[in-house]
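Presented sequentially are two complexes of chain A, the first with chain B as partner and the second with chain C.
Up next, the complex of A and B:
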C-alpha cells in the first residue's frame, strides 16, 4: 500500500445487493448462563468453520460471565463477514444451554426459517425467589416447550442435561447440544468430532463424543416423530396455595428488649421502639414465617395466619 | 475470562501463519511484533486480556506487569520510553481518567522510545460505570487516536502506532471497544522486530515539565498536530472505498463493519485515525458525493470536525449518541435517511423476559460481610468497584453509593463530616484499596474521620477474572514476589483499631462489626478469605437442607447465594429451600445463618 488506498468499485463489491443472497453469512447465536460453556461451544464452531476455509467472526460479551449472568456469543461465518454481531432477526440457529436464556433471545431468530435448539435445563437465579410471600410464584419464564414449539419455525427442546447425566457427566450437556446443532449444518461428521476432541478436556473426550452422537441421534429421531413436549423440569413450580393475611401480636409487657427477634427477622421488619419494645415496622413486609414467635424466649410474640378469603 | 497461557505461539518465524485472535490478543501480538520492551496495565474489562496475552510471550522479549493502577502503569511505560525502549500501557476507558495527569503531561514531552496507550471503551456499558468516549482525550491532549475495526487491523495498527510514536515524537492512543476487544477473527501473524535500544533521552528541557519548558513544548505540540494531519492525508490506514452511489459515509472502527453489513455498495471513507482528521481528504471525499453521513459510536467527534469544514454532514441526527451501535441501529438510521427501504417488520413472538442480573458466586466471601452489614448495624455504606458492587441488588442491598475506583473511603469521610446520623462505613476490595483506596484511608486518619472501613480481602482482582496484585504475592507471570501486609500497612498510616476476621465466621464478623462501629475514629476490618474462583476454584462437599425441619423462613436466601433456591416443597404456603449440589462449595454460611439449624453436611461426608 502506498497512498490512501482508493479501492476501485468493481474489485471489491462487484456483486451488490443482488448477488448478496448467495454470499450471506450463516448466523449462529449461542446463549446460556455464565459458567455453562457458551464460549467453548462457540470456539468449537468457529474453529470448524475456519478449518473449512470460511471467514469467521465470533463475538461475545463476557465481562460478567463468571457472575452467573446472561452470556451470549455470536458466531457468523461465510465467504465474507462484516459485522461481528448478528443483525436482529437474522439469527439462523439459536443454540441455548438454558431454557429461559433460550426464550430471552427468541425474538432474534429468523421468523420463517430459524432453528431453535434449547436445553430444557433451568437455572433459577436468586432474583427469581425474591417474593417470599405465601403462594408467590417463582419468577422464572412460564412458557412451556409445547408453546415454544408452536410459535417457532423449527424448535427442539432437548433434555440435554439429563442425557449427559445418564452418560455419567452432566457437564457434557453442551456436547449433546453441539450434536444437535451439527445436524443443521453441512460439515462432515468426522470434522465435528475432530474439532470437539481438540476443545474438551482430554480425560473427557470419550464421554463427549458419546454425548455428541447422542445429540445427533436424538434430533434425527425428533425430526421423524412428533416432538416430545413433556417438561420434566417444569413440575412443581406453581402450587395451589390460598394466601393468608398475617397478623403479628406482640405482648409489650412480656418483652425484655433482648433484640433476638429483631436480629433474626429474615425480612428485617422488626425493631425496638423508643421504649425498647419489639414492634413491627412494616406489616406489608412480614411473610408470617414465625421465626420471631418461636425464638422469643419470653413467648411475647404470636403470629396469626388467617385465610385471605375469610378477611375479604 | 482468562486467555489460555501460550495460546499464541511466540515463535513468530512463519510470516504467513493465520490464527483466530480476539482484538485484545491481536493488540498484544502487534505490540510483541513491534518489539515492545516494557508493558504495564491495571486490569479492567474489556482491556484485561491484552496484558494477559502479552505475558504469554517470552520474558526475554519483554517485561510485562500488573501495576497498582493505571497512572502507575502509564508512568512505567513513560519511564521505559525515556530509556529509549518501546513501551505500552493498557487500560479501560475510565482507567485513562486515573492516568490522565501523566497523560496530559507526556503529550508535551513526547515519546523517545515508541509509547502506545491502548484504551478500551465500553459503549453500551457492558461492564463499567460510564461510556465516556476516549477519542475526546485525543482531542484534549493533541494525541493521535487509531481506531481498528477488526482483529487484523488491531494487530497492524498497534505495530503502526509504535512507528508513528517515534516518527512524530508523540504518545499514540489505540482505541478499541468491547466489541472489537472480544471478537475473534482470523489474523495473519508476522515476526517480531527487535526495535533498537535508543538509549536514555538526555534532554531536560524536553523531559522536565517546569513552566519554562512547558511553554516551549506547547507550540511544538501544535506543529506536531499539523505534521500528523499531513501524514494522515495519505496514510495507508485511511481507506476510500469508491462506488457509484451519490452519497458517502465517513466512519471508523467497528462502525465500519456495520456500515458494510447494511450498505455493501456504499461509498465509504474509512478513517484509520479518528483524530486528527485529514481535512483535504475529507473535503475531496465530500465533494465527490451529494450527501455525507457520519457513522460513529458515542460522541460526534468526527461529525463536528467535518461540520467545522463547512460540510453539512449528518450523523447523530440518525445514529444514536447513546450506547453501542449495531447493524440494526445503523440500518434504522439509513432507513430514516431514505437510503434504505424499511424492512417489513413482523413483531416476533416475544416470551416474557426473565431478569438475570449477575450475582455473587456460591460461597463468595463477600456475602457474609454484606449480610453482617445488613444484620447488625443500620449504617450508611459507601461502596466501591469490584464484584461486591453487585451487593447493591436484592437481597443483600449492601451499599448505598458507588462512584469510582477507591472512592468509597473519601465518600465515607464526606458523609461523616456532613453529619450523617447513621454510622458510616466504606467497603473496598483488596485490589481497589491498593489501586486508589490508600490515599483515602490516610486522609481519614489525618482528618480524624469517624468511619469504619471494611477491607474485603479476597486475595485477587476478582471482577476482571482473577488477576494478581501486590497483595497476592505473585506477579503477572505468576512468579513469587513481596506481598503487602494490610494490617501493618494500615497501622503504619495511623489507624489504631484494626482486626482481621475470617469472612466465613459469621458470628465473629457480627461481633467485630459491632465493635468497629462503636470505636470512635477510623476502624478497619480486614474481611479475609480467598475468592472461590481464582486463583484456584474452591469446591468442597455440598451441604443439604433437611427438608422436614425447614420452615421456609428464607433467612438463608438473604445471602443471595446462587446455590440456594426454592424446592418443590412448601411450609405454610411458602417455598422451602434446597441446595443445588453442583453449585454449592460447602462454605457453610447458610448453615450458620439458619435459625432452624436444618442445613447440614451430608451424613456420608461427616462420617
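Up next, the complex of A and C:
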C-alpha cells in the first residue's frame, strides 16, 4: 500500500489527522537513543494534534537520555484517548531516529498496515561489543535496510543524519524525520512548520525548517520511485569481520599449579587438570586477551593470535 | 665499541616471546608457585624487546635473594654478585662500559637493608643505570625475616607479633637521594609495569623502579593473604594509585600507593662527567709521553 492512498483514505477523518481513517486513536511510537530528540519530536506532534482540537496522550521513557540509552515515546491522538500507552502490536507509525532502535521496536508495528520510518544512523551500544575476541563481529544488527523493508508493510530507511549534515547541522536529523512523518498525516504543512519553529532552539529554526522540507520531499520522491532495494548502506552493514583464531600453548613442564591464570582469566576458560596443570577448557571462549600469558610467573603460557586466513 | 648507547627506537616489529630472552636450559626457574618475581622478569624482558636492545648489549647485575636469582635466567651478560652490592658492581661496569645497558635486579632486603648505603649513593651520583627493586616486604630466600619495607603490623619470622618498625618508602628515598627517575608499579598490571620499565631503561640517568611483588609462599602464607590468585587480586583492590585518592575519597581503602612514573628529571648524569675528566687526564698523559 502506498502512502498516497493512505493519505487519501484518511482525508475524510475528523481533523484530517489520521493515518488510519476508520480506527481511533492513532498510535505513533517514536524511538531513538538518548540525546537524539525523541521527546522533542513527540512534543511537536502532540502540540500539533492539540492545536487541531484532538485529545492527545503521551508517555515516555527518557531516563536514559543523557546516557546514550534507549528512549521511546508513545503518542496517541484522536477524538477520545483512554490509555497513554499503545497496546502491543498496535503501532500505526513507528518513527525511529536510530537504526537498531527501530528494529528493536519493529514487532510493535501493526503487521498489515504499519508504517516504519527509520534513520539508518547507527549508534553502537557498548553491549554490542561484549564478545572481546579479536576480530569478533559486533552484535549490532547486521540486517540491511533492504532486507528489513522487505518484511514491513510500508517502510522507509532514511539517511536523515547525512541529509541534515549536508544542510550544515547534523542535529537536525530528527526534523528530517519529522518531515517524513508529516507525509503520513493530513495536518496542513503550515501548521507543522509553525509548531516545529516553536519547539526547536530559536537559532536553528532556519535549518530545521529546511530539514523538515527535505524529509518531506525525500519521502514523496521515494513514494514515486519503486521501493529502493539497492541500498548503499547495506553493504557496509553486512561486511563481515574476519575473526582471528587464538591458540593457547601451555608448557606443562613449567607450570607450577599456582592457579593464577585460572582465577584471573576474564572468560574463565582455563582450569587445572587432574595433574594440576593448567589447561584450556573452552577454546571458543578465549578472546586472546593474553592476561594468562602476562601473569603466569613461570612463562608456561603463550597465546598465539593468528588471522583466520593463516590457519590451514 | 665503548661509545655511549643510542637507542635505535622500537625494534619490536616481531611479537614478544619471552622464551627468546631466557636461558631455556635453566627452566623451570626456582621461584615458588605464584611468586611475583617471575611476572616482573617477564615485564623487564618485554621492555627490552620493545626497545630493541641487543642481548649482547644488555648486562644484568643482581645480588642475593630470590630476586637476585633472576639474573641467572636471562640470556644476556649476567652477573650474580654479593649480597647488597649489585649497585656497586653495576656502577663500575656502567662507568667503563657506557655502551652497555646495565640493569640491576635486587630485592628489598638486598637493596635497602644490607645494600642501603650503596643505594643512596648510587641515587646521589645519578649514573646511567637501571635499578629494579622487587619489593615483596620480606627476606624471601632466607625464610621470611622482616625487611626495611615490611609494612607495620605484618607478621614475619622475626616479627611474630607483628612488625612495629615503620617501613621505608623506597621511591621517596630514591627521589630524596637524587635519583633522576623514579617509578613504581604492581605485578598485576603487566603492560603498565613494562611501560614503566621501558621508560626507566630509556632514561639518561639513574632510574629506579620499585615493583610491588608477591611472596606467596612465605609472606602471603604467614599473613593469611590467601593463595596466589588471591594475593594478586589483592593488589588490584588494595593498592591504588594516589590519583584515585585525589579524585574520589576512599575512606575504606586507605592503602593507596602512588604508581607509575613518579619523578623524572634532567639532572646531569655522572658517567659523562667522569669520562670527561678521564679524557682530560688521558690526553695530558699522552702529551707527556710525546715530550718524553
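What we mean here is this: the second predicted complex is superposed on the first by the 205 of 312 C-alpha atoms of A that agree within 3 Å, B and C clash if a C-alpha of one lies under 4 Å from a C-alpha of the other, contacts with A are read in each partner's own complex, and residues count from 1 in each chain.
Going forward, a contact is a pair of C-beta atoms (placed from the backbone, for glycine too) under 8 Å apart; a residue touches a chain by one contact, two chains touch by 3 or more.
Note that the structure is predicted; figures quoted are calculated from it, not measured.
Contacts of A:254 after superposition: chain C is touched, whereas chain B is not reached.
By the touch criterion stated above, A:263 is placed in contact with chain B and with chain C alike.
In the superposed model, A:295 lies in contact with both chain B and chain C. In the superposition on chain A, A:138 makes contact with chain B only, while chain C stays out of contact range.
Residue contacts after overlaying the shared chain place A:104 against chain B, while chain C stays out of touching range. Of the two partner chains placed by the overlay, neither chain B nor chain C lies in contact with A:206. After superposition on the shared chain, chain A has more residues touched by B, the comparison being chain B against chain C. Annotation: chain A residues 263-264, 294-295 touch chain B in one complex and chain C in the other. Per the touch definition, chain C reaches chain A in the complex via residues 17-19, 22, 27-29, 31-39, 42, 187-188, 190-191, 216, 227-230, 232-233. If you check the complex, the residues on chain B that touch chain A are 1, 20, 45-46, 126-127, 150, 178-180, 182-186, 233-236, 238-244, 254, 257-258, 260-262, 264-265, 278, 281, 326-328, 331, 346, 348-361, 374-376, 387, 390, 393-395, 465, 533, 551-555, 557-558, 560-562, 564-566, 568, 570, 572-575, 582, 595. By the touch rule above, chain A contacts chain C in their complex via residues 253-254, 256-260, 262-264, 294-300, 302.
On chain A, the positions that touch chain B within their shared complex are 1-9, 12-13, 15-17, 20, 33-34, 39, 43, 46-47, 50, 55-70, 81-89, 100-101, 103-104, 106-107, 109, 111, 124-130, 132-136, 138-143, 148, 151-152, 170, 235-237, 239, 241-244, 263-264, 266-268, 287-291, 294-295, 305.
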